[in-house]
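Below: a set of structures, written as structure tokens.
Below, chain A partners chain B and then partners chain C, in two separate complexes.
Entry: the complex of A and B
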């Protein structure tokens, strides 16, 4: 990458519940040759409104947005992403994975807009969710608006539960049920948490134990 | 030490309210290799699943005593700690969990359950390497995600590797031969045979007689329609190979 890269891989690792955080929308403009990288972490006990808009305005600009959210009580988490491709040959990736337990209420709304001039865009979005209780609610709402014709664009959204065949397999090898579930949840979050520094990853893993 | 390792009495079991096993009696002594043969749908895999404690199967009648303890009262992980191992017909893929992390969790949980200290990482890695070599798995598999992208033969070899790591007293091989070519079958059988001792027992569940050319059973049972309809020596496997299951 060229000059002026904006990389902030630990934008928002919270030390724990009860912390105050900035409210309101965030807006980023990414110029030609720049790369924006943001990682969001929402830990149990936090209700959050994440509202982020990214404008890819220069040719070849890149943006990577990742996030994990872990809820175990009555949190309300809203994640709105607007990824606006305004120039040709830009690349964007979004990956948000979450675990929702308790009576949590989660909405992920990821919007990708590809302007008519933004040819050869690559835009990817994934949002995967695992429910850890009967009463948690997750809604995943992808929106794609594509006005250019030479575009690679994909999105994937899932809401499910921990796989029971995997659990039985692990238990049959002597791994206790709670440890098996822990391994499943940690590996589910790994595509996002692997970019966190050690202490951030440890905080997330400690939080997984509460789910 | 009790001579009898596993005793199944009048076992009725099924899934989703449908009974599949209609009264199984089976006694396995230490040191014995038993084969359970039967056509598709006979209940072979159900028997394996019930022994390992698969939660979606229900036992409606009967008892299973393993090493003097009530097996049916034990959780799947407790059965493993007690020395029971099921080699799966379809080993499960666990994306994101490496073989090393998986086996480490299994080995340490077992030690904890037995009141032992955690094994040192260097000792664990040495054991892992040794057992992988034992089933001719390439060392790089240690970093692979459990069963993800494995060929049929690699999955079955992986099962025998796990068996070697956990050193069970009762090994249940559920259709371990299915989908294996002769070379892979031989590696798997060599592994099973090398792990066998006079204190341990093996239960080979199979449709075909082929595996039994490599793992020689002491006793052969024919399971059909949820019942054991015949029990005899090794010669029964040859009879089945010749005449099929229809006459039972």
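Entry: the complex of A and C
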């Protein structure tokens, strides 16, 4: 049988339905007043399993998880995030943006669980993907499981292509197609890369050039 | 608001009765409890079915035996003892007047607001197929519809009178072994509606099926098949109720819709099965499979559902967008209260180029209920330039309930665009305060807010249905804010 009521996800790190991969390999516990910040970068050619679970156990704990992935060959990227709000007034944010080309296979499975009594929770989650080839595959499964009522939770997920109007605008101003696309991709990743140190950001930009 | 007032309000809602919860005292033909090949042969014999349909059932039964109950839904589903269910129950016919409707049945449907006599109703004319337990009682306006070439009758009649059509389309959208409950339905289905709209015909009135469970210990397994030929149009409505009982009753239906080139089908449901009492006792287990296919180019299928009933709902009306430039929408309001559980949503499978779909889902949970949205949007390699937008909002009323969202987006087409958004929040205190300040009582304010919240969906319903749905929302939730 399935289950319909709250089960502590940390005792039973169970992936969403149909998923078998998440095991909660990386685990973090965030106490009252603490703030956890994690940023993941997956560069071209790299297959990765990011499998992270965060337990917000103290009142007012905060967690920010970000990530970018750039795929253009036959990478296999799996991102599993379990964000568990166990205490009141915690805040969590997740933002994962990525580009998938070649024969890449990307899965994002982000799960937010708000336990009963974790009131005044704020939890946000975003996953945006650009699909760049006909042989790549992107799957996004953002999940919300909310067992408290005084919460603000939202998620957004998109899979799409580079905006043609923007391209047209730049090209009509004499920016070559390659450069226009480069600028679009860099700005698409910017919400994540802007927090990276200078050399990290440069590395990502250099990688975008190779796509 | 103070504690007492809060308790009072909570008591008021729990005391709210389910007005469709009466039992009709009518003599019934029941077959013995249990499920095996003999039972299936018996159902088939009672319905005087041709050999091919019996074979279809037996094949389904064998497949079902090899399957297991799905465990992935976010539901605490009780163990269902399939041997403890009566699979066929029909009101006895008066032998002297077999054509006439038993006045008790007519009275039942009258009481439910479903006219079995052909007459004008508020929003114009509606043709009804009324199903009572395992049989269709009557189908109205058949002659008027037949003049246009439209076939609207019970499934059993369709098998007798239009076997070629039934055979051509049956199980083409929902294969026999699609899932556990669909396989069960294929083996034991009793009655349901059949609807065929010929090429280029615009159905002059709304068609509607009304399903009523009455007998104790039974399950209802109806099957609906709608075929809309090229360029045709039909608006189809479905409603349902059941008596109040301590036992849970199973309802496992299958609905299949075939939409040909440029045809337009609108399917609306107001689901008001008995939800169980305030302690979570009894109620209907509503485990249904509904799926349509936009077969030809430019075909359009829209699903609108208002789900307020059932102890457990497991339902994903879905569309396969095969024809180029075909479109589909899913609009849903699901309300759960007390111990109700709902796991509902949709699947949009984009195969053709330029296909478009839109999903708007509004969940409202109160009491100790659990309400989940589950959806799939798939963009296949052929879906050039396809587009989907999904918006799923959940509203929480009270701190003991749960609201969940499980979307799945899969894309393998770089020209396709998918967007999904979901929010979860509680009923806004600012809005309540604002309305209170203007002299609007708490209960009425909640009603206003919820109706406003669900408006986008309610406005899609045919007029008569919209009125009923609004009333239902009010009854399910009035004053449930503390």
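Assume the second predicted complex is superposed on the first by the 187 of 211 C-alpha atoms of A that agree within 3 Å, B and C clash if a C-alpha of one lies under 4 Å from a C-alpha of the other, contacts with A are read in each partner's own complex, and residues count from 1 in each chain.
Methods note: a contact is a pair of C-beta atoms (placed from the backbone, for glycine too) under 8 Å apart; a residue touches a chain by one contact, two chains touch by 3 or more.
Just so it is clear, the structure is predicted and the values come from calculations on it, not from any experiment.
For A:164, is the partner it touches chain B (first), chain C (second), both, or none of the two (neither)?
first
Please work out whether A:119 is in contact with chain B alone, chain C alone, both, or neither, and reply first, second, both or neither.
After superposing on A, A:119 lies in contact with chain C but is clear of chain B.
Now for A:172: first (chain B), second (chain C), both, or neither, which partner does it touch?
In the superposition, A:172 touches chain B alone.
Who touches more of chain A, chain B or chain C?
After superposing on chain A, more of chain A is contacted by C.
Of the partners chain B and chain C, which touch A:151 in the superposed model: first, second, both, neither?
Second partner only.
Tell me the contact category for A:183 with respect to chain B and chain C: first, second, both or neither.
first
Would you check which partner chain A:199 touches, where first means chain B only, second means chain C only, and both and neither mean what they say?
In the superposed model, A:199 contacts neither chain B nor chain C.
Between chain B (first) and chain C (second), which does A:138 come into contact with in this model arrangement: first, second, both, or neither?
A:138 sits against chain C, while chain B stays out of touch.
Enumerate the contact residues on chain A facing chain B in the complex.
For chain A paired with chain B, touching residues are 164-166, 168-177, 179, 183-184, 186-188, 190.
Can you name the residues of chain A that touch chain C in the complex?
1-6, 16-18, 116-117, 119, 129, 131-161
Quick check: in the complex, which residue numbers of chain C touch chain A?
Touch list, chain C to chain A: 69-77, 79, 341, 370, 379, 381, 394, 396-426.
In their complex, what parts of chain B are in touch with chain A?
52-56, 75-77, 79-81, 85-86, 88, 91-97, 101-103, 105-106, 109-110, 113, 162, 166
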